[in-house]
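After this come two complexes, each holding subunit A, first together with subunit B and then together with subunit C.
After this line comes the complex of A and B, so read on.
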């Protein structure tokens, strides 16, 4: 296969290919591209364009649309709860990425330093498959302010006064992110990436006198960069669209302190304001797009660049 | 199998005749011949249903079960309506987002619950109708005389299924005022036989404290406890003395949480006193489910609490959850409306029908058959036939009560033709008496019944829930007065960006009638609230604009 590719790539070989073969190849290429293009168009770009259009209408459930221009956007910009939701989303995303994205990198590296048997046990514990609903119910119990385990630890074990967990406006986001640190995170990807780094790299570095941190800094992290690039992008997009866990745990409370933009979109939808909800979704899309573009410009995925 | 215990009445005779002739035709000439024996002309209609309350019957249901009776009644209707095909589709009509999408896309089942599309409040329901989410069924409703099939008290509660003179839904279940189920033995332990409907939140606090023991809390309550307490002061997102109408083409409502902010402080302190000081309440910021399946009811079943919030519909389900009969449940517990505010006001409507709407995409024929099927199975002959089957096979009124949540929206809550005995007696004399006492209270005016349906729903109740859930549980320092003013500012800021679709004169005329009715009612039922809260608020906020 490799030899064939070299022949096809060579200019002399290209020029010798008959025109009917070239045409057939173009058809083949098109046939491969068209399904993906159609899928992307109908499930990606077309809904996006429709949403952009609907955000400038009243978007009733049924019946004729009424053009609103930028009225929906103006209304949202005047709504005090909209900047609040964006602020909370950005804080949530920042904390979430900082705590659930970065920590697993170092945990994975530390795991790789452990004896294989210990590492296997630790991996099982870390990646124990748990149902989302079950773990949510479990965390609801842990945070229960009357009978929860954390309250018991705070009062009976540590002798502290009763604590606010999900009812604390200042701390609620941290309590919501904590389960993600412990249960989720992209650790499995990192471990896979680390295992694919040849041992000879580390051995060579050790011969040159490199220590533990030096090996991490010059070998592990650069070699993980493609995986980090991908998971970081997913983490940015995912955390800016966070909905399910805070909705199940707090419904946005207390005082809206855990209400993300997507949760507020749902609130507006439930109030039958479809044009406003679509406009807010478009605003969120713009934020994610900008964040993604900045990320693509700043972060280089290729470790050899 | 039990024999008939009654002589055959005219209705039963006609049913027998219909079934018998259908059976003969089926025997002699096969299924198509059955259609020829039925009175309705053949049609070619398909109805897509998402399941209960109109669902495809189970073919091999055991005799005596609700499913068996339902299957027979369903088949009778199909026989009487040749050419109608009922198709069960995979769809969850209780999922608001899914239902909204299905209605917009024309793929909704033929009938679905109204409340889901309307956010469970009158304004939202009326707005959903104005936006075209429900078919206008006025003509077919009248053609089938549905009004005559309804319990008179249900028929009088129109705001969740009518807008002006247009009808968009059919009541199906009866929901009482919100209130509390209480353990009668626990109550007796503090020297009380029953809780009177005139109890106040202060009474509730004292009782909850007395009922609290080392192993038990007096009360279970959901995270939105303050949304039950503050409205009894007339204060809430749509509170009588915290929201007021304004004239003009802008959005028609504004909020005032500052005039009676002392009441808010008092209500918040009462709750926090129960939760933090008395420690007499079982609650948590993430207890949002107060249904018979939620954590609050579970604590009641285990006798970890003495009182739990609920509505009348939960009663028979709760009995089943506790593995006891409804008669035993009647001995074990009773129900009382939520407490009054300190000036004697209650925002609780005595009776609220839960209604179902019909898809706006149905053709005239589909709508006709859909309404016919719905009313037949739930309000009319099909309902009777189903219940008769259960009784004939089991002889047990309890089996009827367990099969459908009692009381019903139709006229058969007390007795069913062909079924011996009183259903209210079978449901339990204590519980029936408690319910009837609630149902006999005067209806409260609902603004949706006075003004035309508004397309623009205006601000949602998010700021309200933001504040009350924080005030209920947080240990952080906070100032109710400052936060109430902030909430008022947020809602009024949001309201200023909306426009109304209503005719100004129609709105003003409806508003005058609405407040006039409140005026008359409150003078009779809550004179203290009338004098100290309603009149001053009316003079301050409403009279200057509406006279």
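After this line comes the complex of A and C, so read on.
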């Protein structure tokens, strides 16, 4: 920083270089900042403020706005489907963080113990650029109650009675999350993080007699901490906004048992209740904000830094 | 305390299992005496780190046997061998302060609190003044030199039989490196622990080691004291690795008493020396102090001096130039006049002659008898 400041101050220190040079530098600096600022403003802050405003109007698609105050929020709070959607979203987020965030850490650690070739193949498999639609269709087939592979395994191989899979109100969320273990994996981040840990750390611990688990606990996890912190935050934010996959797989069924908040917002939008939809979006925003804040408090800044 | 012996140790890496691949360690046989500090020096990839890891038990040899104090340890896991290892990148445990790094071993081995405190106290005393202060600090806030002190203490705290150091100070800056190696030498002679010290820096190897192992391509080229390596190198590789400025190597051809360089110039060999050498192609090697330098043409060949490097602290100077296709640095007195040309002749008693093909030594000066 000191060196940078020196460079910036250097022209002003020389009397032969007039102040317009300094002014030009400011102008150049602004050139770098303004695009980022504009982008952030028009795609971030401005829509947020407008949404907050629209959520208190009837937000018709044409014609004049009518001020509604908190009426939209009142209506949503009386709608029993809203708390249901939030409950489902929270369960979905909790389960998917547990499975798609934590499992890859341990899979990555185990992969590191494999021969380098096996590891490389696994990394490629993990991150094959799969088409979202194609894999969704594939999973629809797997879960199909008449011809699906899982049904065949359940009945023909395991000898169980026919399973209901996605049409089971109790289990639908678990079945929906299962694919994301394979489709979404922060595993590559973990693997690169693990690869950047010098071997000597493990060798030092081995000499002292540390076993497999102790090495993970005292070396791998502490060194992965910054990566874990980042992926956890993304997992929280992403899973609370889940929409595409459950929408394609179940359309929210059966009986709304897999209808997340964003899917319900979509439903309301389809009924042309734009004010209510915006109000629900603001409520979801508040939830994500609170979750992020809790995360920030629990997962304090890296003590190493 | 213990001695370390290796018997025909061979080590291949997985990636080198292709036919014709060279082993990382190629039939290494050597003995390190109890309490001795031995440096291992060689170019990168010569297998010196592999040698260290194999002795440590971090790598298992594919053939051969390893003994500590005449007890075979080849199949004994590394944590039961009682060794301490120091790494180039220190490898201190992250997210722990200095003390936590030292007590790791006691936690792993489930030792009692009293034993731990006792050893920590003894170690802090041994490490010297100011060491306690490092113990309470987070590893990330320590400087390179401080980290390495904690690294050394981490090994000492568990009272190792053998100390293994893998380029322990090459990550430090030049000034700190100088200071740290003096400090390490002091500590090592205090502990009296058998030590193997791997480095790529010959100066460091000379300074740290009672004896030096010179390695190339998985083989031990020579294992001896510095004087023996310097005055009686086994081959041209050892001769050119040891000594600064490096030895000058001149390809030559002997015909009777005449030694002809590639440039066509020639010197007359003394009769006694000429009889010990085969006729034909040879390699003449001369160290900076092995030249007879004259200002007048006599028996010497003309060397066009590019510059004279005067080292006032060493009370010496070097005349640099090219002769017979080789770079020459001839030692001259500090007050040697500035000149564009000198006349050189090897001091035959102090020069080296090597076989042209297999580079083995044909004539070496021999260790001078100083007393």
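Annotations
Quick note on the criterion: the second predicted complex is superposed on the first by the 271 of 305 C-alpha atoms of A that agree within 3 Å, B and C clash if a C-alpha of one lies under 4 Å from a C-alpha of the other, contacts with A are read in each partner's own complex, and residues count from 1 in each chain.
Just so we're on the same page, a residue touches a chain if its C-beta (ideal position, glycine included) is under 8 Å from a C-beta of that chain, and two chains touch if they have at least 3 such contacts.
These numbers were taken from a predicted model, which means no experiment stands behind them.
For the composite obtained by superposing both complexes on subunit A, the positions of subunit B and subunit C are free of clash and fit together. When both complexes are overlaid on chain A, the residue A:236 reaches neither subunit B nor subunit C. Taking the C-alpha centre of subunit A as the apex, the lines running to the C-alpha centres of subunit B and subunit C meet at 140 degrees, rounded to a multiple of 10. In the superposition on chain A, contact is made by A:166 with subunit B only, not with subunit C.
In the superposition on chain A, A:146 contacts subunit B only, with no contact to subunit C. Judged by the touch definition given at the top, the superposed model places A:208 against subunit C, while subunit B stays out of reach. Residue contacts after overlaying the shared chain place A:198 against subunit C, while subunit B stays out of touching range. Once the two complexes are laid over each other on the shared chain, residue contacts for A:176 go to neither subunit B nor subunit C. Annotation for subunit A, partner touching more residues between subunit B and subunit C: B.
In the superposed model, A:218 makes contact with subunit C only, not with subunit B. After overlaying the two complexes on the shared chain, residue contacts for A:227 are found with neither subunit B nor subunit C. In the superposition on chain A, contact is made by A:74 with subunit B only, not with subunit C. When the two complexes are laid on top of each other via chain A, the two nearest Cα atoms from subunit B and subunit C are 50 angstrom apart. Once both structures are placed on chain A, no subunit A residue is touched by subunit B and, in the other complex, by subunit C. Residue ranges of subunit C in contact with subunit A, taken from their complex: 14, 53, 56, 58, 78-80, 83-85, 87-89, 91-96, 104-105, 108-109, 138, 140, 154, 158, 166.
Listed in rising order, the residues of subunit A touching subunit C in the complex are 115, 198, 200-201, 203-210, 214, 218-219, 222-223, 225, 303-304. Those residues of subunit A that touch subunit B in the shared complex are 60-63, 74-75, 78-81, 140, 143-146, 162-164, 166-170, 248-256, 259, 264, 266-273. The residues of subunit B lying in touch with subunit A in their complex are 96-97, 100, 103-104, 117-119, 124, 127-128, 131-133, 223, 282-286, 288, 360, 455, 457, 459-460, 462-463, 465-467, 469-470, 472-476, 483, 489-490, 493-494, 496-498.
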